[in-house]
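Shared chain: chain A. Partners: chain B in the first complex, chain C in the second.
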Partner chain A sequence: MGKKVQCDLCPTECVLEDYQVGGCRVRINKGGTLYSLVYGKPCAVAVDPIEKKPFFHFLPATTAFSIATAGCVLGCKFCQNWQISQADPEDTDNLDLPPDDVVRQAIFYNCRTITYTYTEPTVFYEYMYDTAKIARRFNIKNTMHTCGYINEKPLRELSKFMDAADVDLKAFTEDFYSRICGGRLKPVLDALVVLREEGVWLEITNLIISTLNDDIKKIREMCSWIVKNLGPDVPIHFSRFFPNYKLKDLPPTPMETMKNARSAAMDAGMRYVYLGNMRSEAENTYCHRCKNLIIERHGYFVKQNNISNGRCRFCNTSIPGVWS
Partner chain B sequence: MTDIRKFRLLAILTTILVVLILSYNIFGEYFMAEIGGYLQRRIYYERTISKKGLSLHKGMYWKEKE
Partner chain C sequence: MTRRDFIRFFVFGGFLSLFRKKAAAFTKQELKKAMFWRKTG
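After this line comes the complex of A and B, so read on.
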């Protein structure tokens, strides 16, 4: 029997016996060496609008070549992609797509970005890292949609090749993270700060679930933390919850709650606050200075864009984001 | 074989048996669980995971940079 190995990729830090698979389902100790089971084996591949990730301040109206493998570092009871995130890689239908092929496909489909998304990209770290490194050489940008549950060292190393990250800040209480997600809040907040320090463009998504994390006081507290630690220019996407996976007994989030969350965020000083999973004017971007409509969206599609060279066309104010 | 030799042989065998029974009672649960768990994991790997065409790619790149 080989020796035990501690995986220090995510804050769970599993100690694995020989032939034991980690809590993420995709990393195994074999003979005292830790291996990834999903390198070059995505179970989901698609070309999506970048707005779907969601990124609203990153190359609007472009497409992202999106990939995911099975597995996740958390076990959220409301997961929208639980069929693959909570599945073992031996149970999913996987493609054979090594990093250079991912980049080749992205170029073929005219995608400006490769996005590591759907499940938690941290679990396929090595695959993402190698793909991002190659993509950078071909002037393709790298973005990820992550829960931010990753340790500092691997995150700093990854940040060298990551252009943008959309982090799911699922709630602002340790209780929610432990009871609903099987994780902790503190490492996620630390990861947000690290991404900011490393110069990765950051957007935040917060799924609001009735009775679980819809306390306006907590939302205000979360937004104040963001303004203080990450700055007021970080866009936040409040996403409307619909019953799913293990939380089918809860109702969809009321529109009123969503609007209240947006007001609380703006009161806390956040400049770019969006509402997702619902149609409203809050999916548009308004200049934080002159308040004019600068990007009009309908769902994932951009109807008009009044940003020129990263500046508002009406008042010439610099709009935070990556625009070209 | 004299009676004394037979007695000695019996005494040695009895001692070994007693030691084995005591060891099994003291450590058995620990070793059996460990070996049982190992065999279960190994059999699952050999019969299921390795037959699904999944790769084994060395992990933890950031360790190599330290």
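After this line comes the complex of A and C, so read on.
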């Protein structure tokens, strides 16, 4: 009997011979059974402000117990965490931290949330899933920062325990996903719709890279798609690119491009548009009705919060998000 | 402490460290069975 297996976790759907490891580097076929190599073995553990993820409409000014293991389902040339995302689990310094210990540590450090982040959490699906299940029992919220490159079935199963997701929508062209990331755009768009349907609080991050995905027409098109398919209340974070990993020859994204992207998003009907990796007033939250400043931020820190019971303190409009 | 004691101390420590790493490498690690996959042949 053959010992080939097919992984159905991400849209790459690797078919693996015996003792072959998947493209994510962390799933191995051993004797016709697929195993995770990183269960309970995080290579990055930290307590971060939730704003760092970034989540701007999810329990502001709280902390998130953040974990990651080695590996990724994509291979983005601009990856900011390539030292761990593009590494084999044998090459990273891993801790021994089973799911119940993650929850215990989160409680110890007074974190309201556990965030699966830094690398792509899909690759440590089983670890994340088990941890999220335990965390839910202790009233700790679960969030993830993901590229959204995951198949529908596992995503729907995970959504039962996931409270919020920040999805990297890296560009709005198949060409970019194929050439720069080694993936496809369509599955990411499908994942966004699934998360919305499952009631997971959603925020989107888009890293703008000069010459690669800074076409304002495309950005407008992407935002129109978001408004049409996910609604105008989904916050979007445009992030400024700085040279990194295999894209060291490109310059940092000009401020002007960032501001133009924000204007394009607002023109398309998006209500909450933020600029990240740079200091500006676009890191604050303004009420979409009365336009008053409701959350003032400086970097990852909240300086003032004028949201009370999920409503704007000035005009009593309900502000989309998870506030308590 | 003589120079010989000093060197002996470090060589012994080195062997102990190597032995610990070898022992850890040979300890059978329990792998977690993955979710969402199927046999194809």
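As a convention for this text, the second predicted complex is superposed on the first by the 322 of 324 C-alpha atoms of A that agree within 3 Å, B and C clash if a C-alpha of one lies under 4 Å from a C-alpha of the other, contacts with A are read in each partner's own complex, and residues count from 1 in each chain.
We take it that a residue touches a chain if its C-beta (ideal position, glycine included) is under 8 Å from a C-beta of that chain, and two chains touch if they have at least 3 such contacts.
Just so it is clear, the model here is predicted, and its values are computed rather than measured.
Once the two complexes are overlaid on the shared chain, A:S308 sits clear of chain B and of chain C alike.
With both structures placed on the common chain, the touch criterion links A:S263 to neither chain B nor chain C. Contacts of A:S178 after superposition: neither chain B nor chain C is touched. By the touch criterion defined above, A:P154 reaches both chain B and chain C. Applying the stated contact rule after C-alpha superposition, one finds that A:Q20 touches chain B and leaves chain C untouched. By the document's definition of touching, of the two partners only chain B reaches A:P89; chain C does not.
Once chain A of one complex is fitted onto chain A of the other, the partner contacts of A:N316 are absent, as it touches neither chain B nor chain C.
In the superposition on chain A, A:L9 contacts both chain B and chain C.
In the superposition on chain A, the residues of chain A touched by chain B in one structure and by chain C in the other are 7-9, 27-28, 30, 33-37, 39-40, 125-127, 129, 153-154, 157. Residues 34, 37-38, 41-42, 44-45, 48-49, 52-63, 65-66 of chain B touch chain A in their complex. Remark: chain A residues 2-9, 15, 27-28, 30, 32-37, 39-40, 125-127, 129, 151, 153-154, 157 touch chain C in the complex. Every residue of chain A that touches chain B in the complex is listed here, in rising order: 1, 7-9, 17-20, 27-28, 30, 33-41, 89-90, 94, 96, 125-127, 129, 153-154, 157. Per the touch definition, chain C reaches chain A in the complex via residues 31-41.
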